[in-house]
Amino acid sequence: MKTCLERIPQDVVALCDYERLAPEFLPPDIWAYLAGGAADERGLKVNQEAYRQWSIQPQVLVEMHGASSTLQLRGGQLPHPFFIAPMAAHRLFHAEGELATALGAAAMGAPLVMSCRASTPIEAMPRHLGVPLWFQLYVRKDREFMLGLVRRLEDAGCDGLVVTVDAPVSGIRNREQRAGFRFPEEIEAPHLVGEPAWPVVESVLDPRYLAELPTWEDLIWLKNQTRLPVWLKGVLSVADAQRAVEASFDGLVVSNHGGRTLDVLPAPLKVLPEISREVAGRIPVLVDGGIRRGTDAFIALALGADAVMVGRPMLYALAVAGAVGVAHALRILCHELEVAMLLAGCPTLPSIRGRVRPVMKG
Amino acid sequence: MKTCLERIPQDVVALCDYERLAPEFLPPDIWAYLAGGAADERGLKVNQEAYRQWSIQPQVLVEMHGASSTLQLRGGQLPHPFFIAPMAAHRLFHAEGELATALGAAAMGAPLVMSCRASTPIEAMPRHLGVPLWFQLYVRKDREFMLGLVRRLEDAGCDGLVVTVDAPVSGIRNREQRAGFRFPEEIEAPHLVGEPAWPVVESVLDPRYLAELPTWEDLIWLKNQTRLPVWLKGVLSVADAQRAVEASFDGLVVSNHGGRTLDVLPAPLKVLPEISREVAGRIPVLVDGGIRRGTDAFIALALGADAVMVGRPMLYALAVAGAVGVAHALRILCHELEVAMLLAGCPTLPSIRGRVRPVMKG
Amino acid sequence: MKTCLERIPQDVVALCDYERLAPEFLPPDIWAYLAGGAADERGLKVNQEAYRQWSIQPQVLVEMHGASSTLQLRGGQLPHPFFIAPMAAHRLFHAEGELATALGAAAMGAPLVMSCRASTPIEAMPRHLGVPLWFQLYVRKDREFMLGLVRRLEDAGCDGLVVTVDAPVSGIRNREQRAGFRFPEEIEAPHLVGEPAWPVVESVLDPRYLAELPTWEDLIWLKNQTRLPVWLKGVLSVADAQRAVEASFDGLVVSNHGGRTLDVLPAPLKVLPEISREVAGRIPVLVDGGIRRGTDAFIALALGADAVMVGRPMLYALAVAGAVGVAHALRILCHELEVAMLLAGCPTLPSIRGRVRPVMKG
Amino acid sequence: MKTCLERIPQDVVALCDYERLAPEFLPPDIWAYLAGGAADERGLKVNQEAYRQWSIQPQVLVEMHGASSTLQLRGGQLPHPFFIAPMAAHRLFHAEGELATALGAAAMGAPLVMSCRASTPIEAMPRHLGVPLWFQLYVRKDREFMLGLVRRLEDAGCDGLVVTVDAPVSGIRNREQRAGFRFPEEIEAPHLVGEPAWPVVESVLDPRYLAELPTWEDLIWLKNQTRLPVWLKGVLSVADAQRAVEASFDGLVVSNHGGRTLDVLPAPLKVLPEISREVAGRIPVLVDGGIRRGTDAFIALALGADAVMVGRPMLYALAVAGAVGVAHALRILCHELEVAMLLAGCPTLPSIRGRVRPVMKG
């Protein structure tokens, strides 16, 4: 097993190069955990293939004076529309864990969304980097625990909450099971301390298990406990998007959990247009799952996203080359997006909207 | 050739794992017989691919109080919507044959449909397991023989009849032919004793052969001879479904005989929606062919099935690990279905109806 | 290189088995000539794939009394709807050439269409076999030559003419070119003796070359010289089909010359429905190209063909096992068709019309 | 590495044969530069696949008297509709560079479009060959430089200008990057002498970089400086085509730069019909990208092109067999086109319009 590189090899020029190299830097079970998905992993494939259904519609000789990839969001602007998706326990992939990821992300001005299963306490995260730090969590029925966690996040200066709503139960991840992956004991989960345990049940439809599941009411309660913006992650239906807007949530992430819950959920890109139409600009809509190129981000924005989250490739880069890898991978995405904007004749992110057409077929 | 396992290996976590292992536990000709299909075996492929055309449409944060996978059927309820499809001569695959299958099925509460070509007499089957036992048969013109068989099944406490109507002649199964498979003489067929022989003919359109084929009239006659519920298996057209309902049959199995007759029949899932619309809930509609995951069952129910039959994978599991394998394979399916219901936000089987959308493509 | 078998191996159970074996029985250049097609050979692939777009729509429990695969044609009936397509020089593939093919065909009652490039004179063909013998030809501008040929065919008792209209120039057959195939000098072409030579030109648009090409006028002239039925082979457009009917030709073969002219012509099956609609039963419509199974013939008939021609597979069988191979291959096709009729519930060829539906997709 | 052949091998019968052989005649990095495209190279694939979506609709027995592949263009006629697309630095691929290409092209009467990055000065190109010589360039903001270049081209007897408008920035060509390709210092670029340098920037959206990009105004200025015809290359949108016509440009090349800028642009063939409809014959419309067969040219003309440009395959042939290779490759294309015209029943280029239909699929 190779150790994290100090210099990026000459032939690493795209995110797929990090994906190609990463398994050499990780134990097989951790690779299975990171790269795998639910069941037959159709979700992994579909998420990426959804982007292959679209081509970019360019215009030539467009006046590009003042062009920029700046993202305008309520409460500030970001240099580009890339977020790092919440993913558990970065220490599995690199000794410095979330610290390294955050450093790499900050170098490119990309917000990091910490996972509630992060292996670094939020209090230890550097806050002088000038980049937003968000935190992802699950809502539990135990309101005291929830309140404690929220206050802790607020105190640590967290910029916003991303509540995952699409995983009331873990997916059945066969690759992980076959590889015998288990969270190593030495990887800490400092934000889960004190979390109520889940009941041990035979069936996930056991009433004791079901009683632990949050509903809209619990989410709304949470939202009312904090002034932080609260985004919902994992929405794939128009009805849920509508309800989120009506309940005054602050943003949506259209996601199928990276293909890690059910492998037969729709590709997020597939449902993005109808959700974007429903939301109609009232709150930001992000999308994740399958983004491997700056042109993928262009396509997502063309189909209604305001920004995108990138997941696994960031950890591939982290495993291969640490903070430098993360920064480099983000740099590649940004460069690819800027080149696409220039070649398509789109001087701003909003001007990208609509600039795709279905590929091939008739 | 390996002998049946006593413990299930750690890396057997899905039905495809049993399919991967099974050929190591069977002679090549028996494997060809079991796994093969008609002609170029397009049917095998299409049956499974049909499920790949659909994704599950989830909703989040749904109230799941009281959720359950219970199947309500006229005359009782079952813990889940999985039946074991009728398949010949389980002793080909395991020394205990249907006894082992039934034991494994009962452990999970799944009804077994015995084949008329079963290698164990129905009288020898355990009836204290609390699970329905159905019997599959073909209708022959010899009414005395038919009546004898029906009375025997009734006497043995059989819970219902599944009449196969889609195989007036065996399919042309090239894989089987190339492997030189023949039913071994030592495998008995205790329910076919006394059955009139088929005429030996050059052409299947020989009048002597055609004279032996049953028609609707024969089926209706059969139905009138018994109080057992009679289901028809092998319906793929709306007209036939309509006729079955009008003739008061008790259930339908939409099936192309597992791709073993013609390999260019429609996938059952493909015709299920139109047949389900026609039947409109008047009798139960089951579907078989290609189900390998609990999510496949979810999709079938979403498109109009009341329950599903699972065939070959049960025998793969039987060959690999006997009764324990069968129970384990069913356990996997049930767990996958329950997880899907939870992740999709469907608390009951009927609530699954309609909760799919076409995958990808525009 | 193997020599022609005297017994058919046990594992030859479908036409694809002959295709698999045939290259072992032929020199590479002759195999390239036989199996190859134009350019990138997309035509070969598309011709077969067109059949994969359709599935058979069955009905169950149909009254099959009197079922039969008999083909009713003006001027007689045939036991089934299979013709052997015209193909050059059978002696390339078997020492007995067309004699062996005819013998095998006659054993199954299938009409043979001799090629004008046959390696056996029509006068030498056995005429006591009770099966029609047709002859394929090209129309040349030299009317004296044409008349001589027609009289000769009439005198030899030929049952009908098939005029190929889709090959004013040979296709560019790269596989053949790369293999260096040339017609061996010892293979005679007894029907081309006296045929006017084609001018040697740099470009096929050379006026001297163009002047040799037949038009509708020439075809109509030919038709008026004989009482034999005259079919046109190579029609792929509705307009041409309409014109053929108006000009009182006796039959059509929808064909793209087996993918041997341009590899980007439509699959015959693709244009069959519109041509069949146009012809509306006024003359027989046959189709060739890509038929490898009896179920393919079923699909062709369902989409409007009255009968089908089978080409290359007949010569694969000829190369492997001579006359017995040809008969066996035809026997397989007939059996597959009969089984399909039985399983689909179609007692006659005309009852097959319309009994397909598009496979998969939505 | 092999040296350029003096005789063309017997098995080189199609352009794909040159593509197969070429890598043996080039250093790996130069092969990567030539054969590669942007990013994941989907553009390369899509460009060719677009042609696979169409089949040719033939008619038989058409009167072909006077048939010819002559292309009528404003200001003259050409023997066929093939142009050699502008490509940089032919000396990378053959010692004689553009001289060899021009010689081969002239032998077949095909116009060569020299690249502004040609490795041979236009003044050194032979002008006694009787074939048009065009020149491709990029418009820069420095009008003095532009004027100097245009005068130079006029003085050298250039027949027309092709302005590339689709590459304000180079594509991100990962294959090239991984192979470590850089333009060798010894390969001169005699038309770029004196060209203003591009600013060295971190981001392509840097204002200093953007300030260098041409707009429609600059293109129109250029057009007004010369009496040479000016074509625009790289148009993929109807709006741009409309603007080009309104601004009196003399021709359009529908192109995605051979898949070398963004790999997710539409295939040129895909947008050709709508652009052709918009232009409505007012100026010539050419298309490039993916043409490998004479039948591809037929399809392009059927869908609205007046002529086609062929790129990489010409350099593959140049690398393998120099001028003779180029001539041979063009000869193959011409022959394939003529054979297609004959087999489709199209006596002239304009008669090809509309003679295609979508392949397969319903």
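Labels for the chains are A, B, C and D, by order of writing; each one numbers its residues from 1.
Convention: a contact is a pair of C-beta atoms (placed from the backbone, for glycine too) under 8 Å apart; a residue touches a chain by one contact, two chains touch by 3 or more.
The chain list, named the UniProt way, goes like this: A, B, C, D = 4-hydroxymandelate oxidase.
Everything numeric here is computed off the predicted structure, so don't read it as measured data.
Visitor: Treat touching chains as neighbours: how many steps, at the fewest, connect chain A to chain C?
Guide: The distance in steps between these two chains is 2.
Visitor: Which chains make contact with chain C and with chain D at once?
Guide: none
Visitor: Over half shared numbers or under half: where do the identical copies chain B and chain C land at their interface, same or different?
Guide: Mostly different residues: under half of the interface numbers shared.
Visitor: Nearest 5 degrees is plenty: how much rotation brings the CA atoms of chain A onto those of chain D?
Guide: So the angle, rounded to a multiple of 5, is 90 degrees.
Visitor: When the centre of a chain is set as the mean of its C-alpha atoms, what distance in Å lies between chain A and chain B?
Guide: Those two chain centres are 42 Å apart.
Visitor: Determine the centre-to-centre distance between chain B and chain D, using the mean Cα coordinates as centres, and give it in whole Å.
Guide: 59
Visitor: Can you list the residues of chain A that touch 2 or more other chains?
Guide: 361
Visitor: Under the stated contact criterion, what part of chain A meets chain D in this complex?
Guide: On the chain A side, the touching residues are 10-11, 13-14, 16, 52, 54-69, 293, 295, 299, 334-336, 338-344, 357, 359-362.
Visitor: Sort out for me which residues of chain A touch chain B in the complex.
Guide: Interface residues on the chain A side: 39-40, 42, 46, 49-50, 53, 165-169, 171-172, 174, 177-178, 180, 203-205, 207, 210-211, 213-216, 219, 232, 234-237, 239-240, 261-267, 270, 358, 361.
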